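Some structures are shown below for you to check.
In the two complexes below, subunit A is the common chain; its partner is subunit B in one and subunit C in the other.
Up next, the complex of A and B:
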C-alpha cells in the first residue's frame, strides 16, 4: 500500500509538465488558436528557466523567464495569424523547429550543471495521511499548482461568464462578436495565458521534475505528446488532465516492466508513440464506425466498451443508447470535436 | 481599381526576400554574440566548411554540400506533391529512415553484382518509404488521425526501430552502427576529387522534372491542387480525394525512401541511428519557404545544404554547437513568412482607398 502510494506519487510528479502544458494548449485551442510550437516552446522555456535560475540563483526568476518565453512564442503565432493572416500551423511548425534549435544553441555552455530547483514541500497534516499523503501531498509547489490549475481552468471555463466568452470565441466567433465580445483581444489574452503555461511546463522540467539542462534535451517529444493529449481529452480540461496522468502512468509502467524483465529498452521508448496513435484513433469519430463494421457481431460490445473511454461514433456510441440524464452526462464527457473555429481567423467584414 | 503591374509585384517579392535574409542574418549575428562568439569567425568557418575559402573551390568539401543537397532535394520534390495536395507530411523524416532500413536489409542479405544490387536496394528503399508514407495516409483517411500527429509518431517509431536493429539483430559495433556494407552494395563517387554519386544526381534531376511537369501539366496535378485548396470542394467536384491523398503520401514516401537509401549507400556506407540527419524536417522548411514556386526549391535547398554542411566545422573549430544551422534556417523561414504577411497587409492598406474610390457607381459619381 505504501509502495503503491509512492508509485502513484511519482506518476503524478512525472505527469505534471504534461498536465500543465496540455491544459495551456487546451485554453489556447478553445479560443480558436492552434499553438503547434509546443515541443520547441517547452524545450526553449526549460533551457531559459534553467539558465536564468542558474545565473541569478533564484528558481522563481527562472520560472518567470520560462513563462515569458512561452508567452512570446504564443503571441508571435497569434500576431502572425490575426494581423498578418498567415497559417497558424505553418508558423507553429517553424517555431517548434526554431525554438528547439535555439535552446540547444543558446544553452550549449550550461549543460550538466547543478542549479536551483523547487524543493519538495510536504503539505502540513495532509502529507501524514496514509496513502493519500505520498500520493498527492508530498510534492513541490509546481505540482500543487497543477492541481489548482486543473480546478481553476474547469471552473472558469464552464462556470463563469468569462469562460462562456472564451468558448464562444473558439466555437462561433461571429456570434461572440455580435454579443459584444472583442474576438481578437480575447484570442490574444488566452493564447498568451496558454503560452505562459506551456513555458511553465518547460520550467517544471528543468527546475523540478528532470532538473538541469542537457544536450540533447531530455524533454524532446513531450510537446507533441501534450498536443495529442489535448485531442484525446476532447478539449475538456478534466479529460485532458486525465489523459496526461494516464499517459505518464503507462510510461512508468512500461519502464518498470523493462527493469524487471529483459524486455528491450528501445521498445519501451516506442510505447508513447504507439499510445499516441492508438489514442488518436480512438477519439476520432470515424474510427469507431469503421471498427464496428469490421468487428464480428458477437464482439461488438468490446468496441462499445472502448467507446466509454472516449470514443465517439456517429450513431452507435454508448451514449446514444443510454436514456435520460446519464446520457447527457456521458455525451458531454465523450465530446471530442475540436472547437468550431479552431485555426481560423476572424474579421468583421 | 489600380493594380500593380507584374514587374512591380516581382520587385516587391525580391525586396521581401532580400530584406528577410538581411534581418535573419542580423538576428543570427546577435545570437552568436550572445554565446560569446564572433559572427565574423562563424561566417568564415561556414564559408571554409562549404569549400569556398580563399577564393578557390575546395572540390572535396564542395562535394559534401552536393551530397547533402541530393537527398534534401529528393525529399523536397516529394514534399511538393504532398504540399500541393494540402497535406502536412511531417512524417517524411520517418519515411527516409524506413528507406534506409529497407536498403540496409537488402545490402546485408542479398549478394548480387553491383549493377543489380544497387537498383534492388533503392527499389526496396522506395518501397519502405512509400509504405511508411501510406501508413500515415491511411491513418488520416481511414482513422481520422491528422497527418501531423501520425507523422510525428511514425517518425519516432521508425527511428526507434532503426536503433533497435542496430543495437540488436544487425549490430556488432557496440550498438553504434551496422557493420560497413560490402563494396558492391555501395553507390560510388564520380572521382576522387568530385566525390558525388552521379547516379543519385541524375535521379534527383529526373524526379524533380517529372514531378514538376506532372503537377503543372496534367489533370492529376490539377486534382491535387483542388484537393489542396479545399478538400470538400474537390470532393464535390468529383475528385477522388482519398485516393489522391494516399497517392500523394505514397509518392512522397517513395522519394524520401530513396533519399534515405542514399544516406546509407553513399554518405555513411552503413546504417546509423538518426540516419536522416534532420533532412526531412529541413525539406519541410524549404517547401514552406518556396511554396508552390517549385523552381526555387533547388536553389533554396542548395543554400540550406551549404549552411548545414558548413556549420559542421563550427564544432571542431570554434567549439560551437552546430544547431546554429537550424537556428539560421528557422529564423530565415519565420522572418520570410512574417515579411510576406506584412507586405500583403501594406499593399492591402495602400489599395483600400483607391478601391473605395473606384467602387463608387458611375451614376452617383456623375451626380457629384
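Up next, the complex of A and C:
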C-alpha cells in the first residue's frame, strides 16, 4: 500500500510538466491560437530557467525567466498571425526548431551541474494521511500549483464571464465581436498566459522534476506529447489533465516492465503511443460508426462497449437530442471537436 | 423610441451599396425593408446596428445624433439586429449564450439569468430549455433565443434579416405572433428585411423598397403584390404558366427503399418518375427529403431496396456510375458541396470538361467559361473566385456546370436565398431541360414554388411520405396540413 502510494506520487510528479504545458496549450487553443512551438519552448524555457537559477542562485528567478521565454514565443506566434497574417502552424513549427536548437547551443556550457531546485514541501497534517499523503501532499510547490491551475482553469472557463468570452473568441469570433469582446486583445492575453504556462512547464523540469540541464535535453519530445494530449483531452482542461496523468503512468509502467522482463524495449516504448492513437480514434466523432461498418455483427457489442466509454457515435447523438442534465454535462465533457476558429484570424467586415 | 437615418452613403469599392438613404421609423410599428439581392438592404441594416460604418450620413435616436461604431454601441443606443445566421456560439448552452455579452460581475448570477430567460421566453411564447446546447437547436429556435437576448438588453428597435428563410411555417407563425405582440404591447419598432413578399404583406405596417442602393419607394400596407414587385424590379412580373409536357419513359424507379439517419427513418418508399415529370418534395427541414435526394443520386447507401435510373439498377453503386447514367445533382449547400471555394469560374468549368486531360488547355477552359457566363447571364468574370459571387450567381454557375441533357435532375432548394427574378430564371432553365425529357426531383421550403412547378408532390413528415398525385388540384393550405403531419383523407388520395 505504501509502495503503491509512492508510485502514484511519482506518477503525479512526473506528469506535472505535461499537465502544466497541456493546460497552457488548452487555454491557448481554446482562444483560437495554435502554439505549435511547445517542444521548442519547453526546452528553451527549461534551459533558461536553469541558467538563470544557477547564475543568481534563486530558483524563483529561474522560474520567472522560463515563463517569460514561453510567453515571448507565444506572443511571436500571435503577432505573426494577427498583425502579419502569417499561418500559425508554419510559424509555430519554425519556432519549435529554432528554440530547441537555441537551447542546446546556449546551454552547452551549463550541462551536468548542480543548481538550485524547488524542495519538497510536505503539506502539514495532510502529508501524514496514509496513502493520500505520499500520493498527493508530499511534493514541491510546482506540483501543488498544477492542482490549483487545473481547478482554476476549469472554473474560469466554465463558470465566469471571462470564460464565456475566452471560449466564444476561439469558437466564433464574429459573435464575440458582436457581444463587445475585443477579439484580438483576448487572443493576445490568453495566448501569452498559455505561453507563460508552457514556459513554467519547462522550468518545472530543470528546477524540480528532472533537475539540471543536459545535452541532449531530457524533455525533448514531451512538447509534442503535450500537444497530442490536448487533442486527446478534447480541449477540456480536466480531461486534458487526466490524459497527462494517464500518459505519465503508462510511461512509468513501461519502464518498470522494461527493467523486469526481456520484453523488446522498442515495443514497450510504443505502448503509450498506440494507446493514444486508439483513444484519439475512439473519441473522434464518426469513428464509431465507421468501425461498426467493418465489425462483424457478432463482435459489435465490443465496439458499443468502447463507445460507452467516451464516444459520440450516431446512436448517442440521437439519444441526446433531448438531453437530461447528466447527459448534457457528460456530453459537454466528452465532446472532442476542436474550437471552431482554431488557427484562424479575425477581422471586422 | 423613434429612429431616423439621414443621407446614408456606403461604398464597397466600385459598388455604391447605399446611396443617400433617409428613412424614419416610429415606435410600435413594423416596417418591411424590401429589395432584391444586392439592393443594399442588408448594408443599411448593418450600418444601423453597428456592424458597418457608414461613409457619411447620420443616425438619430429620438432626434439626437448617436454614434453606432460597433454592434455593442448600437445595442447601447437601443438598436439590435438578428442576423440571418444568428450570431451565437454552437457549443454554448442556451443560458451561457444568453449571459455572454451582458454586463455584470465576473461570476454571473446564473440563477437570476435563468429566471429572466424563462420569463421572457414564456411571455413571447417561445419554448427553449436553457440547458440545451445551441448546436442542437433549429434555426428558428436560435432566432428566438437571439430575440430574447436582445430584448433583455432593452433594445427598442429590432432588426430581423431574412428571418423566415429556413424555418417552418409553424415557427414562422410563432415568430410573427411574437413580433406583432411586441410592437403592439411594448411599442417595439421592428424592421423586417425580406424578399418574400407574402411575409411582408402578412406582418408589416409599412414598407420601404430599395433598388441598387437607392430608396425607390415607401408605402403603407396593404398594397397589392404587383405594386411591390413593380417597385422592387421596376417592372411587373407575369405569373409563370405551366406548359404541358408529354411524359416519356420511366427515368427513375425506386422500389421498397429504406433509409435511416440519426434523425429520421424512411421505410418502403416507392417512386417512379418519367421523363418530363417534375416531382416536388415538400416538408419541414429534416423530415427525410434529403435522405431520398441523396439516395437517388448515389450519395447515400440505402439500408434496403432498389434504385434504378433509366432501367439500369444502380443500387449501392458509386456516385461515378450515377454520373455516367446522366444523373445531375444540385446540393443545398452550394459553396459547401456543389462548388469549390477558392477556385475561379474558369477552373470550375475546366474541372467538369471531359475533354480536359492531365494538362489543362487553359485557352479552351477560358473560352468555355466566357461562353457559359454569357449564356447563363452570370454576373462574374472567368477569373473571379467562386465565393465572391452572390448566391443567385453561384446557383447559375451550378446550373451551367451540369451536364447537358441529363436523364435525372435532382435539386435541393434550387432557389433558396434568391430574389424573385433569379428564381424565375433558374426555373426557366430547369423547365427547359424538362421539356427535353429530363425527369426533375426538387426540394423546397417554399410551398408556392412546390405548387407552381410540380406535377406530383411528395410530402414528408418525420420520414413518412404522402403523395399528392395532381399538384394542380392542391393548395398551399392542404400541403400545410400534410406537412404538419395530418394525413390525407381517403377521398383526396383517390
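In this text, the second predicted complex is superposed on the first by the 324 of 349 C-alpha atoms of A that agree within 3 Å, B and C clash if a C-alpha of one lies under 4 Å from a C-alpha of the other, contacts with A are read in each partner's own complex, and residues count from 1 in each chain.
Simple rule for what comes next: a contact is a pair of C-beta atoms (placed from the backbone, for glycine too) under 8 Å apart; a residue touches a chain by one contact, two chains touch by 3 or more.
The model shown is predicted, which means the values in this text are computed figures rather than measured ones.
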item	value
First, second, both or neither for A:273, with subunit B first and subunit C second	first
Which superposed partner A:171 touches (first subunit B, second subunit C, both, neither)	second
Touching partner for A:179 - first (subunit B), second (subunit C), both, neither	second
Partner chain(s) touched by A:161 [first = subunit B, second = subunit C, both, neither]	second
Touching partner for A:337 - first (subunit B), second (subunit C), both, neither	second
Touch count on subunit A, higher of subunit B and subunit C	B
First (subunit B), second (subunit C), both or neither touched by A:298	neither
Partner chain in contact with A:112 - subunit B first, subunit C second, else both or neither	neither
Residues of subunit C touching subunit A in the complex	46, 51-52, 70-72, 87-93, 96, 99-101, 104-108, 131-133, 136, 262-263
Footprint of subunit A on subunit B - complex, ascending	31, 34-36, 88, 90, 139, 142-146, 148-150, 152-154, 156-157, 160-161, 163-164, 167-168, 281, 284-285, 288, 320-321, 323-327, 330-331, 333-334, 337-338, 340-342, 344-345
Subunit B partner contacts - residues on subunit A that touch it in the complex	36, 80, 83-86, 89-91, 93-95, 97-98, 100-102, 104-106, 108-109, 215, 221, 224, 227-228, 231, 264, 266-267, 269-270, 272-274, 276-277, 280-281, 284-287, 290
Parts of subunit A lying in touch with subunit C, wherever the complex brings them together	159-162, 164-165, 167-168, 171-172, 174-175, 177-181, 314-315, 317-318, 320-321, 323, 325, 328, 331-332, 335, 337, 340, 349
